[in-house]
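Same chain, two partners: subunit A is paired with subunit B first, then with subunit C.
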Partner chain A sequence: MRRNRVGWLLLSPTLIILFLVGIVPFIYVLYVGFFEWNLFSSDRAMNFVGVNNYRRLVFDERFLDALWVTIRFTFFAVISQLVIGFFLAQSLLKNFPGKVLFRIVHTLPLMIAPISIGAIWRLLTIPGFGPIPFLLQNWFNIDYNIGRNADQAFLTIILMDIWHWTPFVTLTLLAGLSALPAEPREAAMVDGANSWQIFRYVTLPLMRPIILTVLFIRIMDALRTVDEINMLSNGGGPGTATRTLGIHIFRVVFPQTDYGYGSAMSLLTLYFTIVICWLLFVSLTQLRGSRGNDGGER
Partner chain B sequence: MKLRNAFPLLVFVLVALLSVSLAAAQDIPEGIDAAWWSNAAQPYAGTTLRGVSESTPPSNYVRDVLAPMFTAMTGINVELETTSWDQMYDKAIRDMEAGTGIYDFVYIEQDIIYGYLANNYLVNLTEALADMPELAAPGFSFDDFTTFIDYFKDAEGNVFGIPMEAFIKVYLYRTDLFNDPDIAAAFEAEYGYPLAPATTHEQYRQIAEFFTQYAAANGMQMWGTTVQAVSGHPASFYEFFESVVPTFGVYNWGINMENWKATVENGGAMNSDAAKAALEWWVGNLTFAPPEATSSTWDEVAASFAAGRAAQGLVYGENAAWIATDPTRSQVVGSVGVALPPLAEGVLEAAEAGEGYIGYYDGGAFGLPVSSRNMEAALLWLQFVGLPEIQADWAAAASRIVMDSTYDTPQVMAADEATNGYYTLMREQGYLFAGAPPFPFHPQLREVVAPFIYEAIAGTLSPAEALDRAAAAADAELARLGYGS
Partner chain C sequence: MRRTRQIIDYALTYGLWIVVAAITLLPVWWMIVVSARSRVELFNAPDLIIRSFYVQNYTDVINNRTFQGYMINSIIISTANAVLVTVLALMATYALSRYKLVGSDNIFFTTLTQRMAPPAAFLLPLFLLFTQLFAVGEGRSRWDLYDSHLGLILLYCVFNLPFAIWLLKGIIDAIPPELDEAAFVDGANTFHVITRIILPLAAPGLAVTLILSWIFAWNEYLFAATLTAFEARTITTGLAEFVTVTGTNWGAMAAVSTLTLIPSVIVVIFAQRYIIAGLTFGAVKD
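Our next item is the complex of A and B:
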């Protein structure tokens, strides 16, 4: 009993800080989400509207657009990072000339702040001055203008995110691959399995927990990306082609000062993130179960 | 040995002292009663005033020239944070709303003053100076300002902001190109009338087309016009609603201020035929604009023009002086002409009769938040910014004028010549331009309408469709905000 008290006492500073910076703001946002509250409305008071803000979200074309942009962005960026990251991690297991230099250069983007990543890509892609539009125009006669072409802008934010975050995926998967036991692969080789079969039926299943972890981290990150896209696309343009949920919420809460609605949006986004991760977790664990049975039959 | 070691330190101290003395000995303009300022500021010496403003030529002048001058005279330190336009608003509003008192003075753009007044963010300066006569500076008077100060008054005539910048968004053109006889002859041969600054939208478009083709044929990195068409930032919204649509005879963003409606069906004009023609024309100009136009805010438009990448354009007047005179930043020094923007039929007459306007009279003031913790010192600072004696150099450096008397100073007359008459245009025809309409809901409505303008720029919506949807969204938002429901 006394030991428990000491334990709680030692934990209490952390718990208090967590409560103040994590739980209290969450409760406040939850509370504000039930109010109509805009600093510049004719009645700037907080008016209780129940779940009206949430109901409004369902019919808000801008919000749904932003949600769709975020889903597409997350899907394409994270899948690409996973595939490229796995390939690079596999490659880095082998020795090749310049491997150390490659690892250093490859990891550099991870050390740069997202806002700087956005600025770098903006300088690279700014129409009229950036090297990328210049080279595409001169070498391939491609008119590349992310200020006007929605598809090009969307592709560019995905490429930027891949450039920024693939090193994280590579390093994590490399750590996982390096830690895999050698015996299963050696046994498979003795049994006559080729490289693809070893990868497909030995390496991949063993790596599944690590892939799942990387996937969760990257999905959660991608769903809340704001700064680098905001900087690159000048606030989510052209039009609303790159206006992700994060940017949309920022614009609703700050320039628009629509605090109640913005809070509802934030909470729904959090809920949405949790649901996606939960669905992913369930589907992957079920997949593992069924694959496990398949493996058994084989 | 010890003395030799101490020598670098001694030199450092001497240099530091010399720098401080030089800074303190900054030239105080003639006519300022330095002794009064020093005495009045004595109780507040050592105080640090913090302010926030947009990074513009006038604000940078305040930070670099006026703030050190004020400190040298009073001992009150002034730290002015100059940042991006949207950051400036975010920081100021959050500080004033929460009452944290971080800022002792804030930049108030003319278009946001109505919102700030509605929220009681600002100190009533008229009342404050009447209550504290010992702080009323000699030589400072609200009466010295142009009528631009009226934008910062409430219904009773109390002043809530000291104007620090005012300028018009003008039509700039390249005099070296327009006055070239070969170019003029080629233009006349193609279009059948002499090359001159456009007075109609059709002429403007034809000049843009001509120079784009001319530049392409001659291997020049130049286009026919600038367009402030950044496709995800409010700068494009502002160019369209404040500088373009009024030239087609649609005012106040197309909102009927009697019933707060935007759609034509409800008595507004945001989606009127004239507004649609304006958006069609403006978006169509992108064909003749530099590629960076769709990433250009007001800053990049000025930079494009200064880099010689456009033959003409609508440019904020605060940039006119440096574009025309600063060879370290501009490649078109001595080749800048100014004119009124091109207009639809009847718009000039309406503006002259006081029934409309032809473009944007931009500007701002410094205000004192009620949350300031250094109100007295800030009151002194704001009056210093409004002294007639400091206006001329400021006006010549940053093409802003807030007092009628400034026009006749030698500095401004010289700058007027260098800019081919920008200051004269502002003095004589500034009355044809107008500031933003008195909307307390300005940023809210802008955020709702702007995405439709972005989509028209990106081509995902046609101009007509964009304005129809924008007007409907504006009606709904205004009703939601409690206006005209």
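Our next item is the complex of A and C:
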């Protein structure tokens, strides 16, 4: 009994910080979301408006637009990363001289500040002296300008995310692949399966839990991407082509000091993320449970 | 026949990885090239070779008072946050690992949900908290968390503590509890057990926690940009400030970006093996 008190004592600083800076804002935003409160309005007081803020949100085209951009961005970026990452992880399974060096280089983007990644890609794509528009113009005669062309800008933020996060997928899947038991693959080989069949019917099912883990983490992170896109496209331009939910809150809602409405939007964003994550988590744990043990992981 | 296939296989793997390495490194290299160009040379055709190094981009930035402040702020905030996170996570994980606390599984899981939350959703409430709720005094003697080092240090704990606890849990669980029991029998108290037994045995894991928390805090931009004004601005916000409506000094911006990159490169070289464990919350070990 006495020792449990020591346990709580050791845990308390962590709980206090998480409560004050993690939970309290959440409760506060829930509360403010029911009020109309704008520091720029003539009446700076908080007026209770019930669910009006939420009603406004459902018809807010800019919000829905940002939501749609976020979903499209997440979908295309994560799918591409998964495919490329799996391919690269497979190639890292065999040993070859210099593998360690290639791995170190591959890991680099993961640790670069997202804002720096935005800066790096901005320097690559600037009309005038960036190499990408220069080469596309000179070699293929393509007019590439992410300040004007919405489709090109959207494609560029996806490419940037692929550049940034594929290493994470590669290395995580590699950890899973190298932990797989060799017997099922050998047995399939003895039975005369070709490499595609081994991949499709042996490796992929065994890798399922770890693929879901990777998807879970990647989707979670892609949904909240702000820094690099904000830096690359200068706040989600051209127009709203690359304005994700995070950028919308950061660049449009936050400066307007429309606190009540912004709180409602923040909460809905949070809710939306939690629902997606929860759905993923349920499918993840159910798969694990039905397998009896966590197959792909060490 | 088999040998030829093996050679082709090798060649393909090498070809693939040389391309991957080039795609990874060339954009970074281009940034360094731009940081070495003067305003006049900027619009020359893209080039991989640095013909003359325009050092002024760097010296201007390093000698700039404002920028020095940003740099020092970043170092103070990252270091304080990393130390705080590591110490608190060690205590918390020890408690979660050794004591049967009511609801400890829930605590463990709740920490994970902190990571799911999109930071943008917390911008507004945290801004309000920092300026309105956690504020003492009025007028000139008013004190609040807004634009203070402490505010950011505590805030980054919310993002770093969960990952630190998840990472350390496996490591501390692996230390046999018999060791603590033996020490307790010899009359040691909990503080001694943690500092003399757990600390040395978990040292590599703690070092990784320290390094990764440091770099995550160093890299953070969104909150630093919205919750600070002048006093506690960090280097990442400084980088974003370079892009202005009136025109950007691209060379200087590239120089700042290159300076920001240095810690990342060091971490990648020395802690490469642990990055995946850190990013997957210890769920995947490499």
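The criterion applied here is as follows: the second predicted complex is superposed on the first by the 266 of 298 C-alpha atoms of A that agree within 3 Å, B and C clash if a C-alpha of one lies under 4 Å from a C-alpha of the other, contacts with A are read in each partner's own complex, and residues count from 1 in each chain.
Note that in this section contacts are C-beta pairs under 8 Å (C-beta built on N, C-alpha and C of every residue); 3 or more make two chains touch, one makes a residue touch a chain.
Predicted model only: the values in this text are computed from it and were never measured.
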Subunit B versus subunit C as contact partner of A:7, first or second or both or neither: second
First, second, both or neither for A:145, with subunit B first and subunit C second: first
Subunit B versus subunit C as contact partner of A:38, first or second or both or neither: first
Touched partner set for A:267, first subunit B, second subunit C, both or neither: second
Contacts of A:204 with subunit B and subunit C, given as first, second, both or neither: neither
Touched partner set for A:129, first subunit B, second subunit C, both or neither: both
Touched partner set for A:106, first subunit B, second subunit C, both or neither: second
Which of subunit B and subunit C A:64 touches, first, second, both or neither: neither
Partner contacting more residues of subunit A (subunit B vs subunit C): C
On subunit A, the residue positions that both subunit B and subunit C contact, one per complex: 126, 128-129, 234, 254
Residue numbers on subunit C that touch subunit A, as the complex places them: 9-10, 13-14, 16-17, 20-21, 23-25, 27-28, 30-31, 34, 42-46, 88-89, 91-92, 94-96, 98-101, 107, 110-111, 113-129, 133-134, 154-155, 157-158, 161, 165, 190, 215, 218-222, 225-226, 236, 239-240, 243, 250, 253-254, 257, 260-261, 264-265, 267-269, 272, 275-276, 279-280, 283-286
Residues of subunit A defined as touching subunit C within the complex: 3-4, 6-11, 13-15, 17-18, 20-22, 24-26, 28-29, 32, 88, 91, 94, 96, 98, 102-116, 119-124, 126, 128-131, 134-135, 163, 167-168, 171-172, 174-176, 210, 213, 217, 220, 223-224, 226-227, 230-231, 234, 245-247, 249-250, 253-254, 259, 262-263, 266-267, 269-270, 273-274, 277, 297-298
Residues of subunit A touching subunit B in the complex: 38-44, 62, 126-129, 133, 145-150, 233-243, 251-252, 254-258
Complex contacts: residues of subunit B adjacent to subunit A: 86, 89-90, 93, 97, 115, 118-119, 229-234, 286, 290-295, 297, 309, 440-444, 446-448, 451, 454-455, 457-461, 480-483
